[in-house]
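When the chains are written out, they are named A, B, C and D in that same order, and each has its own residue count from 1.
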Amino acid sequence: MKYRNVYLDNGATTMVDPKVMEVMLPYYTKKFGNASSGHHFGDEARQGMEKARKIIASSIGANTDEIVFTSGGTESNNFAIKSIACTNKEKGNHIITSKIDHDCVLNSCRWLETQGFKVTFMDVDKEGFITPEALEEAITPETILVSIIHGNNEIGTIQDLKALGEVCRKHGVYFHTDACQSYTKTELNMKTMPVNLMTLNAHKIHGPKGVGALYIRKGTEIKSWQDGGGQEDNLRSGTENIHGIVGFGESVKQAMNQKHRDYMTRLRDKLIDGILKEVPDVRLNGPKGDKRLCNNINLSFLGVEGEALGGYLDQKGICSSTGSACSTHNLEPSHVIMALGRTHEEANGTIRLTLSRFTSEEDIDYTLEVLPGIVKKLRKISPIGRLTNYVLRENA
Amino acid sequence: MYSEKTLNHFRNPKFAGEIKDPDAVGEQGNVKCGDMMRVYLKIEDNVIKAVRFQTYGCVAAIAASDALCKLAESKTLKEARKITYKDIVREVGGLPPIKVHCSVLGIDALKHAIDSYVKSPKNQEGKESKGK
Amino acid sequence: MKYRNVYLDNGATTMVDPKVMEVMLPYYTKKFGNASSGHHFGDEARQGMEKARKIIASSIGANTDEIVFTSGGTESNNFAIKSIACTNKEKGNHIITSKIDHDCVLNSCRWLETQGFKVTFMDVDKEGFITPEALEEAITPETILVSIIHGNNEIGTIQDLKALGEVCRKHGVYFHTDACQSYTKTELNMKTMPVNLMTLNAHKIHGPKGVGALYIRKGTEIKSWQDGGGQEDNLRSGTENIHGIVGFGESVKQAMNQKHRDYMTRLRDKLIDGILKEVPDVRLNGPKGDKRLCNNINLSFLGVEGEALGGYLDQKGICSSTGSACSTHNLEPSHVIMALGRTHEEANGTIRLTLSRFTSEEDIDYTLEVLPGIVKKLRKISPIGRLTNYVLRENA
Amino acid sequence: MYSEKTLNHFRNPKFAGEIKDPDAVGEQGNVKCGDMMRVYLKIEDNVIKAVRFQTYGCVAAIAASDALCKLAESKTLKEARKITYKDIVREVGGLPPIKVHCSVLGIDALKHAIDSYVKSPKNQEGKESKGK
C-alpha cells in the first residue's frame, strides 16, 4: 500500500484546471487593462469578460444581462439576500430559509433580523429535503424572499428547484437559491426553473478563488449592495476581476460535460458502498442516487470524532473535511447534520469526502484500503460505548 | 493549524489504551460536547507508576491527552495535581486559540481519577497529604 | 516617430509584475487548498496567506491581526464606511467625507443617507487639499466617522493624514482613509499616523485584480459586513482568495522601494514640464512636487474634449484616461475637477496620465512627440472660442 | 466599446473643418454639456452641395458628426430634414447606450442650419416647400 496524495475535499475548493490556467494567464501580464477604460487595453479586458459572461449565461439558460460578477459565493449570497430584503421592505418583512443552508445565507438572514426582519429557518426531513407543501405552509403575507440551497455542501441533497420555485411564484415571493455546489454538476435551467436569483462561484468547479456570480432574472427589484463606480450595470461596483472572470468562464466550459458527472457518480457510489461494507456502525448522511450531488459523500462513524479521523487520513495523504471548511472557525457540531435529526455522537463523528473529475480510480481504491484501519484504531482508543462497558457520564 | 509537536502526540500517542486493572479511573467531557477523555492510573506509594488514556475527540484532544499522560507519569499525586492546562499547551507546542479548551479536559479527568483514588476507603491510610 | 504601445493608465490598473506572477502560480494548481481546511493542503494555503499578511502589515507599521483581506478597494471602502456607521450608530449619525473622494466612498455615504445618516461632503481648496481647520469645523457632536482619500486618484493630491487624523482623535471620531493610490508610493505608517481604518488594494501596484485589504486598528468597534463562515477572524467571510492574497503580498514586497518612487517622480515631472512647454492653454490639476502622487499627471486642455483626445492618443498606442476609469459609466464631468473650482470646459478637457515603474523614458519621449499634434488637430475641428470668432450659444 | 465604423469616422473624419463662405450655419450643444457641434452648408437649388462640421465632444460625438455630414451631402433640404439619429447610429455601426444621445446633437445642428437658411429673406423665393 504505497502512500498517495488523495484530495477528497473538492467541496471545500478545487484545483484550478491547467486548461483554465492557460486561458487566464494572458490577462495578468498582457491583457491587463481595466474593463472600464476606453482604450485598447480596456477593450481586450472587456472582451474577455463578456465572453465569460456568455458562457455562464448560456450554461444556465439565462441572458447575458442577467449575470452579475461578484467576488464569490459568499458575496453573491449576501448581496442577494440583504439587498432583496432592503429593496423590497415595503412589501413585507419576512424571509424564509432552511436549517441546512450555508453559513453565509444563515448569517445574512441573522443580520437581517438585527434590521427588523423576521426569518423562518425551515426544518428538513431526515435526508435533508424541503417539500413544496412545507414551504407553502411557511409563507405568510409578509414573506418577500425564500432562499434555499440547491445542492447541499455537506450532505449533497439536491432540492427540487422547480417545485419550490413554483410555490414561490404562486405567492409572488422572490426565490433565491445557492447553487455553488450543484453548478455544472446537475442541470440548472432558468428557462424552466422559476428561480429569481441564483448564486454561483468558480473555485468549486476548477476555476480561481475570489470570483462568483449572481444570476438576477430580468425584472427583479434589486439595488446594488456594494456601491461605487457603477460597474456591472450599476449592480456591483469594483474594478472587475478580469483574469478571475475569464477563468470562471473557462472553468464552466470545461466542467459542463455529462461524462464528468457520470464518472464522479460511479466513483462516489464505489466509495460509499466500499466503506459501508468494510466498516461497521457507519451511517450515510443525505440521500442515495440521483438526488445526491455526484461528488459528495458524507458519513457518520459512531464512537469516532470526525476531526481526528480526518487527521489520521491526512497523515496517510488523504484530504477530507469534517463538514464545511468553515467549521474550523466554530466548535459546534454541524448544523446540517443536526438538522437531519442525528445524535450528537453521529454529528461529531462525521466526515465528508468530495470528489472531482480529477479524482482517479486509484485514489478511491487507496482510500478504501486505508480508511477502515484508521476507524478501528480510533475506536480502540475511544472511551465510548460499544467497545467498553463503562457507563457513560453523559447518560448518568 | 497544528504544531509539529501536537501532530507527533496525535499520530503516535504513546499512552493511548487501557490499563486492565487500574487503581484509579477518571473521566471528563461527554459526546455532546464532542470530546471525552478517560484516564487510567496505576499508583504505588502515591506515585503514578503507569498512566493510559482513551479519548474521543479531535486532534488537539488526543494530542493533549497523550501530553498529559507524559507529564503525569512518575509524578506523585500531589505533583500531578499541579499540572495545568498551560503545561499541556507547552508540551504540545502550542494550540490554536479555538482549541486551547481541549487541554483542560485532561486536567479535569486526572483530578477526578486522583480524587476517586484518595477518597476510596481502602486508600485512606496512605493519605495523599502524608505522602512526600 | 515609430508607433509604440505606451500604457499611461496605471491609475486605473497595472500590469501584474512577472515576479508576482511567479510567486502566485503554484497556488492555482498545486497549493490550491482552502485556508480553512484542516489538512496539509489547507496548511499550505494558510501559510501563503499569513506570509502575505505579514508583508502587508509590516509595510504600514501595523500588526498582522489588524489586516483583513477583502476583494478590493471598493469592498474595503464599503465595509469600512457602512459597517463603522452601522456599528456605532448609537454614538451619532453624522459622517464626513470630501467632494474629491472616490465614487465608492461617496456612494457608500449616499447609501448611508438612505439609512438615516447625515453626510457632509467637504469642499477642497484649488489644489484639492483639506485643511485640519476646515475638518475641525465640520465635526459636530454627532460625528462618528471621517473618511478622506489619501492620494487622490484623479489629481494626485496627497492629504496630510497625520494632521487630519489628529483632529479626529481629538474629537473621538473614527478616521478612515482610502489609500489605494498612495500605497507603496508614499509613506504610510500606522505607528505615527492616527488612522483607524485604511483601504488598500493590489491591482494598482502590479498585483492581481480582485484583492484588497482593510487595515483596522486594534480596538476599533466594527462588525463584519459580509457574513458567512467566519473567515478573517469573523470580520470578513468568504473562501480566502489565496492566490490573489499571495500575489498582493509579493506585489507589496516588489513595490516598496524608494528607487521606484524617485524614478516615477522624475518621469512625471519631465512629462508635465514638456507638455506645459509645448502646448498652449493647458492647466495642471492638483499640486506640484512632493504633495502630488509620484505617478500622476492630470491636465485640462482648453477647447478640447478629453475622451476625444484619449481616442486619438489610443490610435497612436498611448493609453490614457479621462479621470477615473469609472467615469465611462457616467457622463458627468469629473466631480473631482469640478470640486477644484474649474469651469466645465476645463473639466471636460481633462486627461489623466499615470505612470508606473515599468514606464520607460522612451514612453515619455514618444508621448511628448505625439500629444501636441493631436491637441492641435482637435482644436482645429473644435467650434469653441479661441480659434473662431463666433459667439458661443452657451454665452448667448 | 466603439465599433470599427465609429472609430473610422472618428479617426479620419472626411467632413471635419469649416466652409469659409457658407450659405447656412447651425449649432447645437454647449461646453457645459461636454459636446457642441457646428455644421456649415453650401446650398444650391435646395440641395446640399457641401457640408462640413466642427465638433467639440467625445469620440462618439465626432464620429456622429462625420456620419451626419456623409448622410446629408447631396440631399435636398427636405430629404436632409428626414435624417434621424437612428440613421446616424446605423451609419457608425451602433453606439454604446450611454452614447446614443451624441447622435442627436448633429440632427439638431443640421435642422438649425436649414431653418436659418429657409427663414432668411434672401432665400424666400426658393422656398423649401416648392423644391422637388
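Here is the rule we use: contacts are C-beta pairs under 8 Å (C-beta built on N, C-alpha and C of every residue); 3 or more make two chains touch, one makes a residue touch a chain.
Keep in mind that what you see is a predicted model, and the values were worked out from it rather than measured.
The centroid of the Cα atoms in subunit A and the matching centroid in subunit B are 40 Å apart. Centre-to-centre separation of subunit A and subunit C, using mean CA positions: 34 Å. Our note on geometry: subunit A versus subunit D, Cα centroid distance of 57 Å, whole angstroms.
For subunit C, residues that reach two or more other chains under the stated contact definition are 38, 42, 307, 311, 328-329. Across the assembly, subunit B contributes 1, 59 as residues in contact with two or more other chains. Interchain contacts give a graph that is no line, ring or star and is not complete, per the touch definition above. Contact between chains, using the touch rule, shows up for A-B, A-C, A-D, B-C, C-D. Against subunit D, the residues of subunit A that register as touching in their complex are 38, 42-43, 46. Taken together, the subunit B residues at the contact with subunit C in this complex read 1, 59. Contacts from subunit A toward subunit C in the complex involve residues 7, 9, 12-16, 18, 21, 28-30, 32-34, 36-42, 71-75, 77-78, 102-104, 107-108, 110-111, 203, 208-211, 226-231, 234, 237-244, 307, 310-311, 313-314, 319-322, 324-326, 328-330. The residues of subunit B lying in touch with subunit A in their complex are 1, 7, 10-11, 13, 16-18, 27-32, 34-38, 53-59, 61-62, 98.
Those residues of subunit A whose C-beta lies close enough to touch subunit B in the complex are 303-305, 307-308, 311-312, 315, 328-329, 331, 333, 343-345, 348, 380-384, 388, 390, 392-394.
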